[in-house]
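Both complexes shown next keep chain A, but they swap its partner, so chain B is in the first and chain C is in the second.
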Partner chain A sequence: MSTPKWVVTFQIYRKKGNADPHFDEFKLEVSPDEYVLDGIERVWAFHDRSLAFRHACHHSTCGACGMRVNGAEKLTCITLIRDVTQDGGVLRIEPMRNFPVVSDLAVDMGILYTRMEMVEHQPVNSDAKEAIQPEARPAGPVGEEEDYIRLSDCIECGLCISACPISGSSPEYLGPAVLAGAHQHGIKGNEQLLKLVDSEDGVWRCHSAFECTAVCPSFVEPGWRIMDLRKQVIGERFKRLFRGSSPKIIDTMEASK
Partner chain B sequence: MSKPKVIIIGAGFTGVATAHDLALRGFDVVVVERGEIASGTSGRTHGVLHSGGRYAVSDQESAVECIDENMILRKIVPQVIEPNGGLFIAIDESDLAYAEEFIEGCNACHIPIQELTARQALEMEPNLNPKVLAAFTVPDGTFDPLRLALSFAASARKNGARFRTYTEMEQLIIDGQGNVTGVKVWDRTTDTHEEIYADLVVNATGAWVGEIASHAGAHVPIKPTPGVMVAFDQRLVQRVINRLNKPGDGDIVLPQRRMMVVGTTSFEVTDLDYVPVVEDQVKIMLERGEELVPGIRKTNVRGAYMATRPLIGGGSTGRSIARTFKCFDHKETDNIDGLVTITGGKATTLRAMAEKTADVVCQKMGVQAVCTTKEVPLLSYRDYYLQNN
Partner chain C sequence: MTGVSKTSPLSRAAKWFDPRARTISTIGFILNRITALGLSFYLFLHLIMLGQLAQGPQAYDGFLATVHSPIFVFGEVLVIAAGFIHGLNGIRIALNSFGVGARYQKATFLVLLSIAVICSLIFAVRIFTV
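Let's turn to the complex of A and B:
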């Protein structure tokens, strides 16, 4: 009673050392209800042991298996084959854009991780701080005293950076995941972070394409967070204009509210 | 005098933790890994930071290891852990009958538990099966598998360990006396081959240890035992929910980020490199998970995957095998020097496994250095990649 098998051609981007990149084709019998990553792992296990690709958790918590599937950014471990191709169809698998390729489908994530650290994104957080909209909060006991600690929504997969048109043309742009990370940490009272976010390579570089939000597999909504950060930055600028920049004065004003 | 050199095969949990321990003890460490960090069993682990409650009745040695290591990991690597605790819940009479043994077992293994009434349990976790009869709190937690491994790897790198990922061991290099002196590897990123020599080779390949050891003619009694895990797209509980009974299929529901994961099953395989997800087992996870958290029925499957446990087999099989770990000095077991194998255990006990292995390595090489990994806080997992730049 299992679903009938499909035959799908995996066209996989290959690159070794300094040799020119090319695509290799592997015809596989798959179940349409398998994930794209399962097919890639089978190519490695049974057809070509030299294939390099990143993967770990196979259920969208680690963020290692981001790739481009038929031209779109996908977390391959949760992308069903039936959703991206058809029986007799093709799956063109490429590494993410805007990251250096280590080999084949594996990219070097160094730049993203460096910047996430720079903006002080918190890998674990209280649920209240993590949620961006109350209706998006998971069910469960969420009283103020009873908040729980959980791993952040952002899994640092890099898909948003790969999909972002600005990250492609301006490598120095901090990028959607990183600005979302700054938003999660909060810029209030954090001079250094505010300066970074309010810089040429920060929130003002975004052209509101919202490709980031479209490809995010983890509900982070980087596009929304960037827009919200802009409001916060302007708010901070106003505060300074009217109250002076002495933190002591700001504290007094806050306390008198 | 130059540092003693050790090659570790495998960058799963035991490999990275052993690299960290040995680097702290002053060794020159090279880790060779055919994939990336945690791309075998470790990355695909369930993600429960075990309190030991699961093993408190039938496997008390593992239970004690779990509670002790649980407390240490909370301290040294809080950046990858959801520390929200867990519940063991009774749904039927057979679960209730298990309660007495459970309490005794937890007491014997110094696992702190607290008995709750059904109402208290439902107040804590409103999405539990309303038929819950009794519950106990335990200090379970959950973790992100890749980030746990990366934190150890980052700390090891900081202390000089080198990680050669996408570098597959092809052969153990054996000298005229039949002893291991290094590894021949294939770098898959450049498609080149090379030989790396060391004073000692540690086989930290989990379920694959038997295959690796056989290259030297050594034997490890390993029983690779996969199980299925299914992730669902909503977080209906905030704590690890365990069935109050003997360990069985699909009796743990755990929260992770915005998801829940239900696991697991237990069967044996021979081909380890690709274990297909069996549809029927996914169904069992849904059915069994629903007994603990009925709302699972209204969520969607987000991912399904298999991980292969490295159980140390004697004559027994599956669930009856103890979940402790063992370090084999092949000089003692097979009269082959230069090779040490570490396997068995659980993700929760990775640090203890590394300590044991590093002790054996130190003893073999006449190095006097004590283990400090219980106290040394680990670097952020991000540092592993930062050090690339």
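Let's turn to the complex of A and C:
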């Protein structure tokens, strides 16, 4: 038996060039088990071909389809319509906050990608071995442990930056995804990264709203990672206090043992 | 990020106080900001009021009469409540910053907020009945 259809009004944010933004309404018949992105694509396909939005993989891997759905940041390709509205309800679709709008729902995420590179965020999880337990391996021929790599949890969707109140008020703040990337990479023995993280716009700029963790679709837990980075930074500072002013020399001696 | 830099810092900061579509964690964030602003304002007011001391006993007696009015007593309850909320929430944030309990911050916030509310109520009952 097929699921009964719902009628849902998509209120979509529109902005082209320097024109003032406005919302366009589209009433669609949808299945509640479709995803929000399916509805947006249908608007583009059958109602307005000028609607701009980002999407690619449709399975929460590319991180392109982040938007605000009724105010909350969502990865629209995995957000079921039934989870965010009801029959006869409204879906207000807006671009992510804290990024410049290029057109309609598409934002320019260049600054996030640049900063992720700055903290040397790796597409492959650095604790891959630990993370890939035998039971979590894909079915099929079993190879050597090294054959399995685990991709990084963070898909660079930017939802955490959009939800962060501090990224909203301080554009210089590195932001949750970037700090989580630094945490994943590891700051130990990386002077440059430590300096970046232990700065005014690094971990100390966070004011513990924890909205990043709430909206992250990939369970990266940026809020917890920022707090853990703080602990590590404090630890490093203590070490320096007792080691004196030339930690690098001691590090070098230890490394050469 | 660059998308926000065109608006004024004040209007950007005003968005901190918008709880729509946000979680309980934002309520903690907002409460800490409101109580901090309230307590700073109180400190400022307190110093001005104390300045009355320098204007002789009569002025000071007048000032005492004013602060015993119900509206001032209510203000005092607000100050104490703000102190409890800000102080207890601050303990949570400080602990989290040392890597303690960050994964349980929501539950910690709810427990500490409940303690703050209970303590404020006890104080309110006492101050209005004694």
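Quick note on the criterion: the second predicted complex is superposed on the first by the 221 of 257 C-alpha atoms of A that agree within 3 Å, B and C clash if a C-alpha of one lies under 4 Å from a C-alpha of the other, contacts with A are read in each partner's own complex, and residues count from 1 in each chain.
In this text, a residue touches a chain if its C-beta (ideal position, glycine included) is under 8 Å from a C-beta of that chain, and two chains touch if they have at least 3 such contacts.
Note that the structure is predicted; figures quoted are calculated from it, not measured.
In the superposed model on chain A, is it clash or fit for chain B and chain C?
Aligned on chain A, chain C fits beside chain B.
Pick one for A:111: touches chain B only (first), chain C only (second), both, or neither.
Touch status of A:111: both partners.
Under the stated touch criterion, which partner chain does A:77 make contact with: chain B (first), chain C (second), both, or neither?
Once the two structures are laid over each other on A, A:77 reaches chain B alone.
Between chain B and chain C, whom does A:103 touch in the aligned arrangement: first, second, both, or neither?
After superposing on A, A:103 lies in contact with chain B but is clear of chain C.
Examine A:231 and indicate which partner it touches, taking first as chain B and second as chain C; both and neither are also allowed.
Touch partner of A:231: chain C, not chain B.
Just to be sure I read the superposition right, which of the two partners does A:214 touch: chain B = first, chain C = second, or both, or neither?
Once the two structures are laid over each other on A, A:214 reaches chain C alone.
Report for A:165: first if it touches chain B alone, second if chain C alone, otherwise both or neither.
In the superposition, A:165 contacts chain C only.
Regarding the shared-chain residue A:155, is it in contact with chain B (first), chain C (second), both, or neither?
The first partner, chain B, only.
Looking at chain A, does chain C or chain B touch more of its residues?
B
May I ask for the angle at the C-alpha centre of chain A between those of chain B and chain C, rounded to a multiple of 10 degrees?
170
For A:175, decide between first (touching chain B), second (touching chain C), both and neither.
Once the two structures are laid over each other on A, A:175 reaches chain C alone.
Just to confirm the geometry: in the superposition, how small does the C-alpha gap between chain B and chain C get, in angstrom?
The answer for the closest chain B-chain C C-alpha pair is 10 Å.
Go through chain A and flag every residue that touches chain B in one model and chain C in the other.
Residues 108, 111-112 of chain A touch both chain B and chain C.
Within the complex, which stretch of chain A touches chain C?
Chain A reaches chain C through residues 68, 70-72, 97-101, 107-108, 111-112, 161, 163, 165, 167-169, 171, 175, 207-211, 214, 221, 223-224, 227-228, 230-232, 234.
Would you tell me which residues of chain C are touching chain A in their complex?
These residues of chain C touch chain A: 1-5, 9, 12-13, 15-16, 20-23, 25-26, 28-29, 32, 93, 96-99, 102-103, 105-106.
So in the complex, the part of chain A that touches chain B is made up of which residues?
2, 16-17, 33-35, 38, 41-42, 45-46, 49-52, 54-64, 77-78, 102-103, 106, 108-114, 116-117, 123-124, 138-141, 148-153, 155, 218-219
Help me check something: in the complex, which residues belonging to chain B touch chain A?
The touching residues are 35-39, 42-44, 47, 78-84, 123-127, 144-147, 149, 166, 168, 188-192, 229, 231, 234-238, 255-259, 261, 273-274, 276-277, 279, 295, 302-305, 380-386, 388-389.
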